[in-house]
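Okay, got some structures for you below.
In what comes next, subunit A is part of two complexes: it sits with subunit B in the first one and with subunit C in the second one.
Up next is the complex of A and B:
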């Protein structure tokens, strides 16, 4: 299958080249959104691994991203390390937390796991990220400020070099996304999918459930943490607000909405989450029939909730999954381009 | 010692509210197989309706009891209507799907309700006077005592009503806003888990235990988040001790 691998690498390179150019001409606000889009895409990608591949539910992905963000912020603001080292520390911290969250998951699944992860998200939201006892991690009420820093030895200033941060972030995302696509067919990926389809059957066939479930949680948290670790660099500071409980719920909702089993759906969801609310609040005001109106962020969240409900009733495989299936259907109907049989699941 | 007694009373009152909210969750879960993450949000919305009637629309010349009565009735009628609407518009169409899919749909309901409320009532802190509480308590008991058939519509209506009652009852204790009432779901779920999502008496007991456990630490520790840690630890301890396979049986 080397030709498929080459095709995928080329696709990733083209996607990177195109996406890296897009925000260049726009103002700072949209450049910030572009960075944010990739950060959210990382979190959604972590759900593709955990829910799409392994079938485990998590409602605390924003917590993992938040731990990555706070650890990176702390490393950069207190120890003044190179930012890429701070990112590595953030990923490591998120990985460890993911392993810890994975421990109860060894005994639980489905709905009960969702309840536990929701509880974890609430504890981090209300307690760890906001309590005096954890100021060494969170930098107090003001959070960490990351102004001047360096990455790969180059000077980085979060306000001036937003594009630099975005390009590094995007390159990392393309690499991780490529690895994720390839993971799907690898030995570990087959074991993950066996766990998703039936834990009992997987264990009977000799899959080490403990190891692979923990690994899935650790890897998923590390991916979410990698995105989060760039947050201080892109935004200039960290605060609890972006990583609170409702962000976790939004991650779950948007991942399912876009198609939780597909890697490109994560990128789509990230862009959706970052750009749509900003465009709505920026241009969504004026007067209609003589009455002034204003579209706020709440309208976006209402739309996400309603879309999720409608989608789960009508298109269970998500927006991306449905589109993909239609394209494949058309291709097999035409029979021209290879005429591959439609492969669902 | 007097402080301890006071904290016990606060804890028991909180616990009663947790049990009420949890009963609604167990009710809906047992009859329809939907674990309702939006339970807190539904109660929150009905509570805000009651608040709106009480402060926004009632006439200043009306006696206090009339405004109170109208507010509570409006909140409960709205709650019942919302429960029916959700059953007919949403959950009727996903009856045969896996429990997890149904639970994810309730997350969509939660997000929509929460933002709709924060759109209407903003993110301000609100407070309801304490005399709202005893008058609603009588309605509560008759609600919970109703034997519930296996009809989804009835259980959604009742579940939503119970959530509204819990929401209205908790408001004298806290300065409430849209998020804090929505997050009541965590404590309610913890109580429901103590009852294994099945047993009503154990759920009530769990609610009271949780209320006390969350109140006593605040004697020594002034922290907003600490009680949440207690709730999480209770959830984890219960889940590790109980056999988790028991929950799968409950979801028919």
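Up next is the complex of A and C:
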């Protein structure tokens, strides 16, 4: 057990060290993408917990991220607090909203739950993030500008210190991801998975459904909100557009595509969501055989759709799930290298 | 001392009255039987007691607490544990983990310390794991500890359900058809186990089962439900001869005139076989479960497959019907090679398979399920024959299959198979979950099949009845066919069949654990094992000394110790 824990910590450290270096030397656009990738990865990680572990459906994860972003933006722009305090406030706000969204989940399942969370996303997208009544939170049409701020007392201007924000974000992600992997195998994780596998059995075997479902929604929202809270810092400002309904749907689609039960799949999905559209808009035009062509952002959406269909047919456990299967298979084929033996009489 | 007091329990589902003013008393330390025809409301009563559904009327008191407003997990804390008729294990977890969940959920644990793997959590975790292993050991399930529960055959899963319920350290255990799919010997062992559990852990039980041999052997007192009402109650012996109960549920037993039916063997051995299986091997993942299966069924012949749980019968049927791909060998049906053909295609050829899990769609109504047969058949099928066979289904035609009682679901599966006018029906655990009268009726139906020239390949827990109705039988053992021959011969050679069962099923430990520990000085081997696993020799010696001084069995002291460790 402990040796596995040490192994995981090492893996997280290595991943952090490698990923923290990658954007160095690239232009600002790529650095922004890198930050964005981690923000989206947080949102996908929140789905790993909620859907992958606990089996609950949510189509409003972008709303949670948005609440995190707006709360952090407001805290930073109006109260000029240290940015890490703003992040904490964003996480707390998202957590509370998550608990509220969790209430209907106590009664609803599957498609009805999906519709309700969709409704919540719609309300925030169309009303809360855009209405005058909530200007105190959203900062009006212009949103909040987070030009100059500091984190842990260090100067952290959004345009100049993008790398600083990225590194902090990445470090936080590694920690949360590690906790999530640990959670999976721990007692609490098992209680979550019990709810996923059979709610009926979980309840009669002593798992408090109310508590654990609410906790799952709260924690999931907090994780999405933590990523979102960094958005104003990375982007310099915050607007409703990144957190609209469609992003929520995209989270759901990409989480499933990459493998909704696996923590590393969230990182993979985040990178996919942030880089692919940008690469497409940068290099997706030119001339081919004398004809001009242009691959726009729309093509990305279509590609995700097609990939999702292909994946559901060929890799039902997601891209990462399939990769993992293969590696495990190879390991057990080689034998002895820690491939767990399963005894069946 | 009344432990459980149920008063005037009433449950309605739309127009159906599932329970109609049922009252019941269970004394501490008692094993109470609950029997009745399919759909009588037994599972519904369990659901009310464990808090899964809220009754329309009625009260439940457990150890003086009113349970009206207690959610299921609170009832679990009070000490009410249950098993499920339609298995509800957590399929993606290992068997050991399945046992650890309720232990942890009932202890005081914290999500954040769990995620951080704080020492407190790791310690509790290890203690739970040890206890899980001990329980698995007593139930002879230790070799499955690391297997995913969802991968196990249904018979084993049923035992894991019991283990999981025991892991909750219950005071009242609700068992919903624990003997379904078990053969006579396994049932006998289950009976011993239940007695032992009661003696040793002071658990009271409420037992639902259609296997009268189990109910009569284990229960102190029996309640009989019919149409949601209490039909009778009394000592097992009295219930057995109660004319009302016989009429509604048990049926006449006098029918059983040994040998008479069996002499009718009208099969024409010279006929070409309808189904021919040669050198079949099949399995899952990296595992080969059955091999070298040679088997043949002629038109109009009834063939039984018998053998202990896990001997490979289910896997063989699956490989024949195309649910899984055979690894090697060939399957010929009606003169055609159907090896590796898709399951739908094989069904269209007239080979119908009723799998263990019944293969029903929970969100379709009974009528729609039966109408679906037209799809495979390619023409409109009249569904009335199914209703004639099982009149009960006619009243339920609009109900969703998922909400039917276990036995009613089995009726739907059988009815659907019959409608598709098969040439060969393969039935896995045919009588599972069915009331004795219905089972008897089914065996009659099978005789009708034979007269109509429909062949039947049957996996059945009631070996005697199966051999009564069958022409021939195959005895499975360890994944291959150990023995085959005319049913008459096999039945006469009872010892042979019994021996074959023992081959896979016998386990000295569970029997010893069940028998032992009645007297003060008999050391229970299973429990000593637990002690030796988790405690250093010094502590163990101290333990033995203490047991001696207090004049109690070492096992009892050991359990006390385990509990202390767990609570810390």
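Definition applied: the second predicted complex is superposed on the first by the 337 of 345 C-alpha atoms of A that agree within 3 Å, B and C clash if a C-alpha of one lies under 4 Å from a C-alpha of the other, contacts with A are read in each partner's own complex, and residues count from 1 in each chain.
Operating definition for what follows: contacts are C-beta pairs under 8 Å (C-beta built on N, C-alpha and C of every residue); 3 or more make two chains touch, one makes a residue touch a chain.
Here the structure is a predicted model, which means the values were calculated and not measured.
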First (subunit B), second (subunit C), both or neither touched by A:100: neither
Which of subunit B and subunit C A:312 touches, first, second, both or neither: first
Subunit B versus subunit C as contact partner of A:200, first or second or both or neither: second
First, second, both or neither for A:57, with subunit B first and subunit C second: first
Partner chain in contact with A:246 - subunit B first, subunit C second, else both or neither: first
Contacts of A:118 with subunit B and subunit C, given as first, second, both or neither: first
Touch count on subunit A, higher of subunit B and subunit C: B
Which of subunit B and subunit C A:92 touches, first, second, both or neither: neither
First, second, both or neither for A:210, with subunit B first and subunit C second: second
Sites on subunit C touched by subunit A in the complex: 50-52, 71-73, 75-77, 81-82, 84, 88-93, 97, 100-102, 104-106, 109-111, 114-117, 121-122, 124-125, 128, 143-144, 146-148, 151-152, 164, 168, 286-287, 310
Contact set on subunit A toward subunit C in their complex: 1, 5, 179-180, 182-183, 186-191, 193-194, 196-198, 200-210, 215, 332, 340, 342-345
Interface residues, subunit A side, partner subunit B - complex: 57, 59, 104, 107-112, 114-116, 118-120, 122-123, 126-128, 130-131, 133, 245-246, 249-250, 252-253, 256, 296-302, 304-309, 312-313, 316
Touching residues on subunit B, where the partner in the complex is subunit A: 35, 37, 90, 93-94, 97, 99-101, 103-105, 107-116, 118-119, 179, 183, 185-186, 189-190, 193, 223-226, 228-229, 231-232, 235-236, 239-240, 244, 247-248, 251
